[in-house]
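Got some structures for you, see below.
Look for chain A in each of the two complexes below; its partner is chain B in the first and chain C in the second.
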Partner chain A sequence: MTLSRISLPRWLVLSVIVVSLVALVACGASAPEPAPAVPAAGEAPAAASAAPSQPAQPAQPAEPMTRSEPAAAPEPAQPEPQATVSAVVGQGAIGVGAKEATATPAPTAVPAAVAETPAEPAISQLRVSRGPTTRDLADPIAGRGDLPVILPMFEGLVQFDQYTDSVSMLAPEWSANDDFTVWTFKLREGVQFHKDWGEMTAKDVEHTMWQERRNDHFDGRAATWRDLLREVVMPDGPEGHVVELHLNKPEPIMTTYMSTNYTTVIRSKDHWDANGGVMTGFEANDAGIKLMANDPIGTGPYQFAEHAEAQYLRYEQPAVTHWRKTPDFPELRINFVAEPSTQLAQLVTGEVHAAEIPRDLQVGALSRGMVVVLGTTPAIRLVGFFGGNYLPDNPNFDASEPMTIPLVREAMNRAIDRQEINDVFFNGRAELMMQTHSHAKFPGWQPSWLDTFEADYGYDPEKAKAQLAEAGFPEGFEITQLSYPRPGLPEMLDIAELVADYWREIGIEVDFQPVETAVYSSKLRAKEVNNTAWLHTGSFTEPTRAIFVYHYSGARSPRYESPFFTEKYEALEIAATTEERDDLIREMGENCYEVYCSIPLHWVPFEFMINPEIIEEWLTPGVFGVRDFEYVKAVK
Partner chain B sequence: MQRYIIVRLFQSLIVLFAVSIIIFGLARVSGNPMDVLLPDDAGPEEFELMQQKWGLDKPLHIQYFAFLGNALTGDFGRSVQHPTREALELVLKRFPATLMLAGLALVVSIAIAFPVGVLSAVKKDSMPDYVAKTFALMGQSAPSFWVAIMLMWLFAVQLNWLPTSGRGDPGIDRFVHLILPALAIGWYQVAALMRLVRSSMLEVLDSEFIKLARLKGVSEARVVWKHALRNASIAPVTLLGLLVAQLVTGTVVTETVFSYPGVGLLAVDAIRNRDFQVMQTIVLVFAVIFVGINLFVDIIYAYIDPRIRYA
Partner chain C sequence: MDISRIGASPERAEPIGVGRFIAEARRYPLVPLFVLVALLIVPAIFADLIAPHDPYEVNPRERLTPPAWSGAQYLNGVQVRPEGSWKNILGTDKLGRDVLSRIMHGARYSLSISLLAILAGGVVGSGLGVLAGYFGGLLDHVVMRLVDIFITIPGLLFALVLAIVLGPSFQTIVLVVAVILWPRFARMSRAETLSMRSRDFVSRAKVSGCSDTRVMLRHIFPNVINPLVVLVTLEVGHVILLEATLSFLGAGIPRPIPAWGLLVSDGRDLIVGGNGWWVSLFPGVAILLVVLSMNLSGDWLRDKLDPKLRNR
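== the complex of A and B ==
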């Protein structure tokens, strides 16, 4: 019998055709995602037509904290960055170098309201691929991990700019009273909410601060805001352009908390009210919660257009020219793709123009002409911790455990070859970390660490063995090392295994246990990490929060506690001058450095890949992922 | 018959009850969801508040019975990841996409397995038979994620014929986006189905009525495709019933690789984000489907064959 004589039975052919047709019809019949609500004609909020009221004089600012707008600011919002474009060693790719770090983060000059001429890129829609968000929402309460996804459509009073500097955004001026308990923000006039929801005024800031304190807020700041913020005062009335934040206790770094990096982004009160949003205390009603998720309104350079669940968020340019930046690409689409290989395929086939490709997959894209872009700042904090270092009065504290002894911790630090980790995993691009919560860019930096680090922490396994013997453990000891995946650092498990091997080389018997993040977190919170070490990652944030998270005994899961840290952190919370804060942070840093409270490893730059035929330049810190979409320069 | 149905129904309920305990327990032994959902700098107060909000502050048995009681009324709670949505609503909304994918995968399986199985049987121990068996063996041996990535690499990256991932826009674009994931899932099912078609065909082709048909001068094509295949289809068609359930629930890896927004991807997202409400809902819904199909099949068998219900 030959193949030509084989003919399919009719029932089989018909079945296949029918099922195919049903599938095809079903594909076409599926309803598209609902369009976001837009105010109907004649339904425009009152604020849209209200003339801006004359702003009152802001309170006399405290000298060191005053930042004011220059009298004339003819230049565009973003100062031209001093970035360099250079070949990344060994890969032939383009890396955008970071601007030189500054010792103290000073808010820079306020951008002027300049509307740039829209560019004409080769394509109109910039498409970016990234991992799925923690919460599939377009709501600012989603949490900081999802910040880059919502930032295109929102703005804050202060922005965390392309170099992680705090820079004016919707507030051209701010000031604080002498003890930092009253902060006054002067708002930029004429800034419009998207989709005709009117001008941003003081009432919108007040509304935002209620939203920030919502009980369903999945970010660490919500509870802090509820504790900190006593009252929002509008001296010029709700339609004015001045707000005063009256606090229950001093807060010198208020501009950080009011910045986009803490998702303190301004939402429209008129939009909320007109669509049935109601706040009862700190509880938002269902209509309000759904409104924020499905139809977010902000003042950003892009406005929300469409959210296809688990697929993408699409943005478009607002109808009015944006006060700060008209993006080169009129549309933006952010794809959510869990599998890195799929992101790679999307990039090399041209389905997207930028993607968060892990380092081990980059070669596949490099060979097809894509290039690597490095974040402008070291976005990922790679550190290690020694468990069991609770306060001495904690019942779980056991002073006989090896890792409670500073000399043992020093030995374990000396056992690690940091340069090898950098070379093997990060192609030498990571920055050596001197101390867990400090960086030259932040307050409390101690420059002498740069000179002494090699002598104090440098790789020296022989000395490490001698120190273990001196500490009473000539034969080593047994520890458990927990390891769990961390977002943004796919190499985490491999690095942790390498560190385990370093420790084994000096005689420590390591029981290496890969676990789920939730398992580790629950143990840590319950203070059940005795005789346990682990590596961890954090983001590039100012030191106060890092100290709180890692060292303050009042935090949820401190890693290294001591009476010294408790006392100093509590003093820091009420410190009333910048100098005092600086000193306290430095003191804590020096203490941590001297007692080897942790395992400082590296500040790792965020890396992503772009298609150079579409994107000319992209400057972003990469904190929490790709962002600063409005500043992406298109190839013309 | 009535007693048989009642007994089987009761057994099914016990299975579902056991599944509910297992999934509830598994969702919690892997750590407190709030430890993952809340950022590092959320303090103890925030943690307690969220625990209360999601009912995680109560003893486990209280949590379980609250979950069970609500589930019986169809209330599976709100999703943690999508707080504006009910967990069941989310699962049901994703079901059509998964059904569509499973349906096309089934078409792929049938369209390949039956002709290849027949050819393999007709050309027994020849090159086409060896090739077909190797093809089937590869389909069953290769990990589905690897097959998915290889298909994507070949058809999307190298040949640029098909899109890499996603669901596409309504219409033909959506159908085009289904092809690669359907092939990835379908190939695995092809293997089992093809081998069953082959063995059934070999058995039937050796039977007396086939020899008689050939002696009567019936054409070979008619003998193979009409007389032999029809009789050999009973076992494969029975297997198809089981495959449908496997196809619907076995899309997790493929949907993740192809970023296809069905129930499988929802399950992966829910696990990654500790969305315990959605995890519980998906498992229970799948369990109900499986148990329901099995119950239905048992009842049909009992109706057809009285010996089963009296056994």
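== the complex of A and C ==
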């Protein structure tokens, strides 16, 4: 029978079969391969059980308020490589056949004062792919969200090390007066700005503090600085190496604010002045704004080379040997790629050597020999909030709304299966969060939460239903749930949708609305989030800032306000001792815990993937994404 | 002697491949109609009865289960993908929802959006077109310039802007698509009306005292409707694609409603990663088959309704 005589229905059947076969072959429906142990669906591809979900450990001793750098500083402490693959990074490199690489948190590490001998990498340019930055700007005023693309070029007086401990950077010593209103920083001598813009001195710090208060600064912290900073004094003159920051009120965590993690990075005053930059009050002129955007000058291990808008930033080594670290790769290029699948394609084809690959896509890269890198910290704070909890005197506050009632908030917390979220989306690698702004590593930790959390917040949908009934909502109620994308957590939308489903299970009717971040932000600022819940991510940082942002009524857009938080935060602002601060933070944490002020979910380690043929080791906290490029060890 | 055979070469080669398939499909329109019924109409009407699962029922621990016939996938002895199960014939999505059930329920949205949008756009466009063609003059100028303006606006961009301004919802999509469609109906109905209004039967109707409304409704519109019916069938495919595109871009039907475009969008990253190709593929195939079938049916209908083409 000839083909032309086949009747049409058979044609159709044949066509469908052929298309299906092609699709199956193309998509790789693989034959089963025997395996010694077959984990259940949703388990990690490899070494997934390396870090099972577990509560954070007890708090460490508080940081001393005065410190100085040892005369001969050691290299940053790094974990012992234990994986069978060539890359060992962060908490563990997970690759084909990799074993768990357990990182032992090092004591506070201080960068070496003596420059290293430049390495000889296999390639000269390290290429990294990540999502678009928030501002697409090389100027540090872009703010914390864009920190990873700022840090290669700039340095601060203080830095957060791999475990977010404050350690010295451009200031080897610092001290504060008794009431924390005057902070003195001694500057490192001999540090050179890029492109022959001279040595960093006190005048550059003063200039930086003006830049930090610019009206066009994208971080809300510019306003904080304006309130806090009264004067910058240079006891040894502008060319000296000592600065005093005189404050309007006590600030015991000044080293945090002066650190790289807050983008308080030192800019060159000579460069600014010579190119027509002028500050009138807090207003920078056009020449200055363009200068910082097009030719930023810092003291970092890389200097600015090129910026292609919305495409990439390219960096190169400065002409002089860097005082702290000469990167293994003489050049660095960070590509901004929105689509994770494009990032994956770039990684496996060798176009880039590291990329932010979502967990669901990692198998595609693992099978091609790439390796997963975990940050050294649980960098991402995954938390949810209940809208409408404004101060009682706010006209938008409505006490009849269900989510203003603690029992309802408790029920909504109990409806969520945190373990399932961790297993399904994070391969069990995330830490359980006890309370929104607290972590064992930070001040204000309450160890008893570890014992009581399961009883107070554990998954129990039946009890949740009973609590809703007890609160007067036996038939449930309606809420809106907003969901918006967050950097570093591509699973956000799916997790939010799952949480919506948990709530539906206990009778809450959820109108799930994916929106752009700007839409959410404008609603939040306008206090128009009544009867609305949402999930959010933050960074792994000291709790004071989180309390301010999330709970202080004086902040731009607090999520949960109460007179208690307002009173305690204002007391915290003027607290003069470490112990007092610790107690206040703990009190606020306990209050938040008891009234179910939020939905604590997980501390999630940041993950990205590297090409182990190019990169041997990459130690990074992962806060705000792929960063610490100067410490990337090249395969030689 | 069959006059249609005069001049035709007896050895003329039969079309082969895709061309033959299309030619056959035109000759036997029941096949695309069957596809339409099987993939669109029956699921749309009876989804609640025939879908194997609740399309909204999440089951995270069974997320990204492959289609029934797929084996487990291993990487160096470690299972990275479970074996397929007949419980979820076409697999599950990122939240463990059944892909087949979601496609079936998605057909309901695709069909209802198409019908409502075409109804709205068709009624407005055809009405304005007939009015413009019948009365001519200023009304004709105004309507046709409006049509020109709407046709020059890029459809997808316009739809995106409207959808974003009004917020993604079922009603918004219907409105957006109707706004895009009405000029096509207006232009076609006007052209047909122009050719009708000077015909003798229209003149006789007027002379016999029929009102303008009666002339338009009883004498012109029935003669205009054939090409409009063809246009409707062709536009259904277009509307399904447009809805899918808007949903894919996040400006269409909001989650968790299983609109086809949204289903394709949900799994687009997983295609490259290789660990969830089925999430996008099957909704994509459903869109392809339905749109193709709708277009073939439209072509056939046009041939049947056009006297010049009827006997070809």
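The working rule: the second predicted complex is superposed on the first by the 531 of 636 C-alpha atoms of A that agree within 3 Å, B and C clash if a C-alpha of one lies under 4 Å from a C-alpha of the other, contacts with A are read in each partner's own complex, and residues count from 1 in each chain.
Here is the rule we go by: a residue touches a chain if its C-beta (ideal position, glycine included) is under 8 Å from a C-beta of that chain, and two chains touch if they have at least 3 such contacts.
Note that the structure is predicted; figures quoted are calculated from it, not measured.
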item	value
Touched chain A residues, chain B compared with chain C	B
Partner chain in contact with A:Thr578 - chain B first, chain C second, else both or neither	neither
Partner chain in contact with A:Gln125 - chain B first, chain C second, else both or neither	neither
Contacts of A:Thr321 with chain B and chain C, given as first, second, both or neither	neither
Partner chain(s) touched by A:Glu339 [first = chain B, second = chain C, both, neither]	both
First, second, both or neither for A:Asn531, with chain B first and chain C second	neither
First, second, both or neither for A:Ser557, with chain B first and chain C second	first
First, second, both or neither for A:Val424, with chain B first and chain C second	second
On chain A, the residue positions that both chain B and chain C contact, one per complex	8-9, 12, 15, 19, 23-24, 27-32, 339, 341, 345
Residues of chain A touching chain C in the complex	4, 8-9, 11-12, 15, 19, 23-24, 27-33, 35-36, 38-43, 45-46, 96-97, 339-341, 344-345, 358, 360-367, 420-421, 423-424, 493-494, 497-498, 500-501, 512-514
Contact set on chain C toward chain A in their complex	14, 16, 20-21, 24-25, 27-28, 31, 35, 56, 58, 60-67, 69-83, 94-95, 250, 254-256, 268-278, 281, 285
Chain B to chain A touching residues, read off their complex	30-33, 35-47, 49-50, 53, 80-84, 93, 96-97, 99-100, 103-104, 106-107, 110-111, 114-115, 118-119, 122, 149, 152-153, 156-157, 160, 163-167, 169-172, 174-175, 178, 219-221, 224-226, 229-230, 256-259, 261, 265-266, 268-269, 272-274
Chain A - residues contacting chain B, complex	1, 3, 5-9, 12, 15-16, 19-20, 22-24, 26-32, 132, 134-137, 143-145, 215-216, 218-224, 227, 286, 289-290, 293-294, 308-312, 335-339, 341-342, 345-346, 348-349, 351, 516-522, 525, 538, 545, 548-549, 554-557
